[in-house]
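Next come the structures, one after another.
Shared between the two complexes below is chain A, which has chain B as its partner in the first and chain C in the second.
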Partner chain A sequence: MTAIDAPAVQRDRRKPKRSRMALKPAGIAWILPAFVLSVGVIYFCIGYSAVLSVHEYRGGLELGDAVGLDNYRTALTNPLFWGALRHTLIFFVAVSAVQITMGIVFAALLHSRVRCAVVFKVIIFLPVVIAPAIMSPVHRRVFATQGPINWLLEHSGLDFLAQPWLAQTSTSLWVVIGVQVWSSIGFAFILFFASMGQIDPSIIEAARIDGASNLRILRSLVVPSVRGTTIALLILNVITSLKLFDYPYLLTRGGPVYSSDFLGTYIHREAVALTNLGYASALAILLLVAAIGTAVAMSLRARER
Partner chain B sequence: MRSNTRGIIATAAVAGLLALGLVGCGDKGAGGSGGDVEGKTTINWWGFAPDVTVGEAYVAAFEAANPDIHVVYKNFENTDYAPALRPALQSDQGPDIYEISAGGNVAGIQLWTDYFHDLTPAAEAALGADWKDKFAPGYIDQLTWPETGVLSALPLGGVGAQMFWYNKTMLDDLGLEPPEDYAEWVEQCKTISDAGHTCMAMGAGGDMTFGTELLRTTTSSVDTGYWVRALKGEASWEDPVFYEGIDILRSMIEDGIIQSDAIGVQQYPEANNTFMAGQAAYVQMGTWYTQYGGREAQIVAAKAAGISDPDPFVMMPMMTPNLGGEKPGMVAEVEWGFAVNPKSKNIEAAEKFATWFTTTQEGQEVILKHLDIGLPALAGMGPNWDEIDLVDPDVQVPAYKDMYAAAAETSETRQLHLSQETANALVVAVQEALATKNTPEEIAAKVQAAAVPRP
Partner chain C sequence: MFETRGRLARVALHVILIILVIPFVVPLYTMISGSFQGEGLGNYLAVLNVPKLAYFFRNSALIAAVTIAIVYAVTMMAAFGFSKLRIRRREVFFWMMMAALTLPEVVLLSPLFKMAASVGLYNTFWAVIIPIAALQVPFTVLLTRTYVDGIPDDLFEAARIDGAGTIRTFRNVLIPLSKPMAVAVVVLVLINAWNSYLLPLVFLTDPNYQVVTLLPQYFQGQYNDDQTKVMAGALLTALPEIIAYVSLQKYFERGMAAGALK
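The block that comes next holds the complex of A and B.
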């Protein structure tokens, strides 16, 4: 670029700029409903929770005494809070591991020439669209002492494994994890299936010519290619794990003896059964901070890589 | 039209629509009621009991006697009632009539202290200066908030508990009689299990307090009266009586009286369905269960439990056997009462609804007819057994009368002194007793630390 050309370029750059005033009203009109909904409902609720969290509020007409950060101190020194976080971590690791592994496997299998592929896709994806409230009574029946899981174990020579799955502190969390895995594999599958469709077939073909096995292709080509999807799933799983409520509440109520308690069920118990709304609000704010913090940290980490 | 003018018009239009929407959400008065339906005043009644069909029968009877008032009944599951009602009462959209009970975490009086409308003048107007004496002993006091002396609700009737129900048809087939003590019960359960039935349907899972009631029963069979002393804070939970109560509860699973997965089962609907389907010999329920002694109500309940063509069985009450040294007898208190929302735009109609059921013979007869509540609020009344279609009246009526007499005589309350914190601590204690190997001393120490006495 010569010195003579420079002013012309600058003029050209200014040309596409339109008056800000001309855009502003129409833009506001389009975003106003969503803006009112978000600010008026969601952010107001978050702000109101923050206010409640520094009060001793039992749900009456009066807000109660301001207690500063006492509710937060109580939460951070309460073993139930850390127990719920520990369950969240176990849940996240177990669900993510199985969901991502099985999602990749199913997606890879259905990218190969499989008969009745559409039927398999529907079968794998169906649990995603069924509401937990509908399936939970069925799962409670499936995992009951006299239920089909124990029946299968007893009739296949594995009767020593049959047990009251929902009635033991050692198994209740794993029932919740198992049900969540069942309901979420289809989601991972559909994302990986779409992601694998973006891989250039010539790369796979080249690997085959070089003598790579299916497993090697999956491990060295496919998995790295869908890394973005994997990270997105991990972030979604972190958020899902932190705000988990439906399955533990519907299956075990967080019990027995808090063995399948999560932050969601803990907050619900404090807010509803114990009407300890100030403390429950402090827990909710901690949950919000944890969810945002973890998601941001994972995004930054992924970007660094 | 210039683009920015169009934008401004669009903005104004959207803002206008939003404003209209917000106006639509505005104050309509409590429960959105206050409007007239064909010239009638409409009032809304929210409750956790009775079931919808019985509630509608109550409403039909009231509307027949009070044609100028239309009532809409909304029924909630026990666990949903308080979470739904609390914000409704805070808003201007709450019901005109709601239900309050003496204690506990479903509708206990202590949950609603900010929302009382004093019903003393209405009761006095209906029954005269000596109105308190016309109710069953204790009921008015149990619905009066002690700190202010406000009568929060008018009692519909009473409830008795710490008892069991049994399937007499099944026991007769097996040649068994209700047990007198623990050892006899264990022996019976072997016979019942060998015949392919469940001995006692029990659901101690979830956050309902039915498991707690069984723990109370076992503890009270060691020392009757200890439980209420502990609830009030007059006795410690770290007490040998409570330890033994926990041990007996545990042994009931080990000895086959209750099923091993009781902690994974909920009393409603699962244990209830097992009993109503005729698959279990015993269940722990209170006087409210009398309604299923009737043929039609039992058929409906059995169908709901999955039995396509049910054959009603003879359902009988059983007082608690000697489980730990004593037969503890029943506990009883006011079941629940009708409260009036102070924000109601129809206080007069709401008070009429509350007083008609609780202070008139006509209203009380409607309540007693359905057996959902068998203990009347008004002294001197009782169910008209000739009107009720029981499966075997010759056997059932005398037993039901004895049960109601026992409930009316007891002075031990059920949930009056149960705070939410203690209720939650006891629910967890039952779970620990049945799902862990923690010692009774460890379990009791946690209850003692978490409980909040309610004197």
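The block that comes next holds the complex of A and C.
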């Protein structure tokens, strides 16, 4: 092998990069398992969804009639679809705002000299690790009519604010948002904590000598230098909001009266409870288009700047 | 980041931090105090005596272990191939894979349903393992490839000149050198497999095959919504995760933060 390769190096010296590449053993077999597993399964399912989405399909072995784009037309004219999308948008904006702000605040606070920093880190990050499915009964209890939130309000003279949080249309969406914030601040915190560790301490020192206050340093120095992390979080949040299922399903079932319904719970309801699989597939395809479209648009915009 | 001059400022910093942390503690406190109300420790005994409780944990562990093994193996091979071997139109393959990153698992529901009807996927672990692994692989390949790109080519060339074949190079050079990233991959897949809810909810309907994320609703059914026992159940199911996280804190944080490398 080496005897054959050696002259090849000599001949192609003008294009060293190319020759180096040619020397490498073939790698297609090495990427094949991952490729078949992910691209195979995922693209197959997308293709299959596309096929199902133009059919009437109520489960079982037989596909129903081909209905063309009817399922898409129904979805795009259905107020439930637009309602779910509106909730997704509100959820994305609210969760991103709080998660990013608090992530930066916690990361900055724990980069300062703080006692028991490890304890704080564990408390903030623990919600990221515990499964939503396991914590949901606890959150339902926290927000229950007789739960600790109402108890706190009643005992601090704010009893007019106590209300059945999960059972009314005006607050259910905000409970889902609050719980998601609770479980995702730790993630933002860890990312910001890591990227703040990369800031050169001498820059901060210089700013401090120039008389900048703590808040000024945070606003004008720290926040701009973790911009990359902020953008990464925004893109991740787009995808998380679009595919949200666990919390709204477990906390409110999307209700009451669809007031906390998301695309994930909507598709699940159509596919599982109503076995309206053709329509559910059309919704899934629309969701996919929205997810890929927004992710691409956001990373392009981020690159432009 | 913040400099605190003097005692007062330092105390203020801690007070702010403690106030901000209260919302994080409320659910944990509710869970613990709720689980001891009524029959006290009796709640835990009742939960531990639930028939088939061990099955839920065993099934979750089994699913997580198999998913980790599959994802780890194919990710390492793919990262090696993409980064250090010769592949025509390599970036085309790579981006085809990356396009799958945005895919939500609900998109898989209808096709899997159709297949479940014809192939009999209900109550088989593969109905859960394969989709979870498929959804994880694009991300783990992205992370690991970026990492392996950082390992100098010279090391691999040296191994080849010394007469090591591709398989040997993979085993003796790539695997040991990419250990830090492997830990992140394992943790990431572990969390996602252990916490997965939608796919088990839909495809594992027989209690013999159910997993820990389905325990809360199982308890609710068993105890007629007796909240104290549901809380005890939640604490018991969260406990392995809490212990795993606290004892492997550094790896968990690194695994999750690996996403920032993008």
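We take it that the second predicted complex is superposed on the first by the 279 of 305 C-alpha atoms of A that agree within 3 Å, B and C clash if a C-alpha of one lies under 4 Å from a C-alpha of the other, contacts with A are read in each partner's own complex, and residues count from 1 in each chain.
Just so it is clear, a residue touches a chain if its C-beta (ideal position, glycine included) is under 8 Å from a C-beta of that chain, and two chains touch if they have at least 3 such contacts.
Please read all numbers here as calculations on a predicted model, not as lab measurements.
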{"item": "Chain B versus chain C as contact partner of A:Gly60, first or second or both or neither", "value": "both"}
{"item": "Partner chain(s) touched by A:Ile28 [first = chain B, second = chain C, both, neither]", "value": "both"}
{"item": "Contacts of A:Phe44 with chain B and chain C, given as first, second, both or neither", "value": "second"}
{"item": "First, second, both or neither for A:Leu288, with chain B first and chain C second", "value": "second"}
{"item": "Touching partner for A:Leu234 - first (chain B), second (chain C), both, neither", "value": "neither"}
{"item": "Partner chain(s) touched by A:Gly264 [first = chain B, second = chain C, both, neither]", "value": "second"}
{"item": "If touched residues of chain A are counted for chain B and for chain C, the larger one", "value": "C"}
{"item": "Which superposed partner A:Thr145 touches (first chain B, second chain C, both, neither)", "value": "first"}
{"item": "Which of chain B and chain C A:Ile100 touches, first, second, both or neither", "value": "neither"}
{"item": "First (chain B), second (chain C), both or neither touched by A:Ser136", "value": "second"}
{"item": "Where chain A meets both chain C and chain B, residue numbers", "value": "21-22, 24-30, 33, 59-61, 272"}
{"item": "Residues of chain A that touch chain C when the two form their complex", "value": "2, 20-31, 33-35, 37-46, 48-49, 52, 57, 59-61, 102, 105-115, 118, 120-139, 141-142, 147-149, 182, 185, 187, 190-191, 194-196, 204, 208, 214, 217-218, 222, 228-229, 232, 236, 239, 242-243, 245-246, 250, 263-264, 267-268, 271-272, 277-278, 280-281, 284-285, 287-288, 291-292, 295"}
{"item": "Complex contact set, residues of chain A against chain B", "value": "21-22, 24-30, 32-33, 36, 59-62, 140, 143-145, 164-169, 172, 252-253, 255-259, 269, 272-275"}
{"item": "Residue numbers on chain B that touch chain A, as the complex places them", "value": "3-4, 6-8, 10-11, 13-15, 18, 79, 82-83, 86, 90, 105, 111, 113-115, 205-207, 259-265, 270, 420-421, 423-424, 428, 431-432, 434-436"}
{"item": "Chain A partner contacts - residues on chain C that touch it in the complex", "value": "1-4, 10, 13-14, 16-17, 20-21, 23-31, 34, 70, 73-75, 77-78, 80-82, 84-88, 93, 96-97, 99-114, 117-118, 130-131, 133-135, 137-138, 141, 153, 157, 160-161, 166, 170, 191, 194-195, 197-198, 202, 212-216, 219-220, 227, 230-231, 233-234, 237-238, 241-242, 244-246, 249, 252-253, 256-257, 259-260, 262"}
